[in-house]
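Pasting a structure below so you can have a look.
First chain written, first letter: the chains are A, B and C, and each begins at residue 1.
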């Protein structure tokens, strides 16, 4: 009898380990999240007294009829499609290079860490300058190849590509940092063994590095996906507090932020948040399924 | 029902007023929490004024200043404070922030009637703004007005003078463009530009929850505006964010901007001028900047906050404030004071502001106003970028604005 | 011979790529530092000049006058250190629970945790503001620390690292009658030291730079943190970029120092213990 109860308790012991985290997340994330979910059904709401005058699905029908929200959806999808894979590929290659036995390794590692601590305002300004139609370095280089100056940040058609380039650059630091942490847990003996087999660099990379790093790559993918779907700060920084020329670079979170804090349409903002949540959820589930088959633990 | 409630409230107010005027005699120490968004040099000036008030009021009142970041941060924080019932005793606000929460704001009419130094002395545009919801909910504090900045060196060279009417604006910018190949006009705030031209042409904007600018006069004003851009006489800030940047570099010959931004006009190798903005059928020089409002429920705190408001808006304080910040005196007597007259001799921007004191118009606040501002700003930019016709632009803007109004 | 020249070639390729990357990476940072030393008119010049014509070191003293930086600095250190230590403990426990231990509903609970990442943090601010004021934590350090004690972001990352540790180690430990608790601190934590310090650094940076939340939940100068000092230089009409960048540079300096110190420590730790995957 006693033994059995001990076993019963033992089954729950794991829960004790995760309990502190659960309490904090429940109070400061799950609770507000549920409130946002409820709020998305408030159609008439008085904020100052927190009284709901009527419920309904009008907020959802509104956002799906709103051309700005549609623009935000398509921009966000295009953004995620380009930024996540490209950023992971580039940072993986850079991380592997930074992990090589090279001179100035420590210096390089520190430099690649810098964007993580540089003021977002400074980054936005510098990229605004790199993309500037008259003085920008980018147009200068394009000019060397005889390409006419591009109005990167002034035209709706080129503003999104500019945003994507900026975001890839900005997201490299985080990925490199976690890949480096991952690479350093791969024992040197794997590579020694590979060298004995005289495996080339590419084979080492594809047969050892990628498989052994796969849990971390999977993490980077999911986190990259989630945070790219939530893109906001990059838009704000690059266009100096606007959503690009004539709102052409508006994203879902930018839309949501504006509806909540500027327009004070709490219901509409919450509905947009719920839609965003469902989209990310769907993608994450798909990705976890794929990862389950591919990731090597 | 509403009327009755309002009357009841007023009676309560008056009663409490009577209570505190009686209580003010024995000086109980009171602390008043004041949230503001004044940073840098503006904050220094506000602190200096407040320190003076705290030291000299003789009523045991202490004002506790709390800087809550920029305007957006302050409005977000006020939003949270409304939700959690933790509002400060008073704050700096744009009227649009309180438009849908008037029930938490204290009307000031009784205070003004009972104890205020010559309310009529406050510029009419500011009084109108303070009372735009009916009762007076706010009192002007840090106010600025749009002025026309221009490249005086180039103007003199080309024998041009600052335009005073639409026709002159067209002719001057055309001449400038043809002589230099550069745009000569622009506006940082595209919605502000739109609104100004609608009001100047007497097209109206929004009245009683209905869009009214979709009329012939609106189309006429829009045609005038879009032509300036289409011909290259005007440009948007675009990638440069603020026109003061290209202006300082001599890349745009002039622009309309807030007088409070004068500190950022630092021309590189030329002299700049500032003038009253060109006027249309009506003058409509748009005023900007925030106001003071009171949230305190406790009569003692209300009385103390009122003492402070009286102090901040006094002629002496408003002149000090204007001279140290680049904002404007809110009182006629402030403009006319010897000190400010002497200051105007040295400041071309202050003179341009003074020339417009009778012409000021304000951007009205109503539920949905912020959303319309954003939406139309984007529509305006799209119209310029895509070369839309004036009729189409006005129709689209009116539809977008009406949709927002109908949702409120 | 062929192998050697190929190796030399790939080495130089590595240097070339890394240098190009480093230049683009360092440019915004450099710009931040150099701008902090420029005069007011120079900052907004177009085309921009990289180096100041006159070096304005006084920008730093001017920036420091704008806010009680000493108090803010102490507060920031206290909040960052406390918050990061607590976060590390809570995260380690949770990551261990979710990767190694089994309990009913574990995967469902983890799924819910993951799902919370999908809501943008911007949505949560007002509700959390109300929660904090109901708890009576307004204008206290608890408001700055407690909400960030658990980070799903890092629980997930650490869980991935913990799962890389071979099962055999765990069962070997079990045979030696090692409790889960001991196994966690004596085996898992040392093996994943690199990952944990990475998390600590990332969290400390986020905490150090956090702006909106600290501004929302504090009112008095004695509770405020450094990042709030940054708003001093932005007004509706424009921004004093040179002072803003001076303050921003001062803000990141301690982080870079911390990174350099911890970085050395990590490299040393890795080479000494010869951690194997």
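Here is the rule we go by: a residue touches a chain if its C-beta (ideal position, glycine included) is under 8 Å from a C-beta of that chain, and two chains touch if they have at least 3 such contacts.
Just so we're clear, the structure is a prediction, and the values are computed from it rather than from any experiment.
Contacts with subunit B and subunit C are shared by A.
Counting C-beta pairs in contact, the pair that comes out ahead of the other among A-C and A-B is A-C. The greatest centre-to-centre distance from subunit C, using averaged C-alpha positions, is reached by B. One finds 38 Å separating the Cα centroids of subunit A and subunit B. Centroids of subunit A and subunit C (each the mean of its C-alpha atoms) stand 16 Å apart. Contact of a single residue of subunit B with at least two other chains is seen at positions 76, 79, 83.
Looking at subunit A, one finds that residues 132, 261 touch two or more other chains.
Residue positions of subunit C with contacts to 2 or more other chains are 46, 126. By the touch criterion stated above, subunit B contacts subunit C in their complex at residues 33, 39-40, 42-43, 66-71, 73, 76-77, 79-80, 83-84, 86, 144, 240, 242, 244-246, 248-249, 251, 258, 260-261, 263-264, 266, 268.
Against subunit C, in their complex, subunit A makes its touches with residues 11-18, 20-25, 27-33, 35-36, 93-94, 97-98, 100, 102, 106, 108-119, 121-123, 125-127, 129, 132, 134-135, 169, 172-174, 177-178, 180-182, 184-187, 189-190, 201, 212, 215-216, 218-219, 222-223, 226, 229-230, 232, 253, 256-257, 260-261, 269-270, 273, 276-277, 280-281, 284, 297.
Residues 40-41, 44-46, 66, 125-126, 129-130, 133-134, 138, 212, 215-216, 219-220, 228, 231-238, 240, 243 of subunit C are the ones touching subunit B in the complex. Taken in their complex, subunit B has these residues touching subunit A: 72, 75-76, 79, 82-83, 100-101, 103-104, 238-239, 241, 368, 370-371, 374, 378-379, 381-382, 385, 407. Taken together, the subunit A residues at the contact with subunit B in this complex read 47-50, 62, 128, 131-133, 151-156, 240, 243, 245-247, 258, 261-265.
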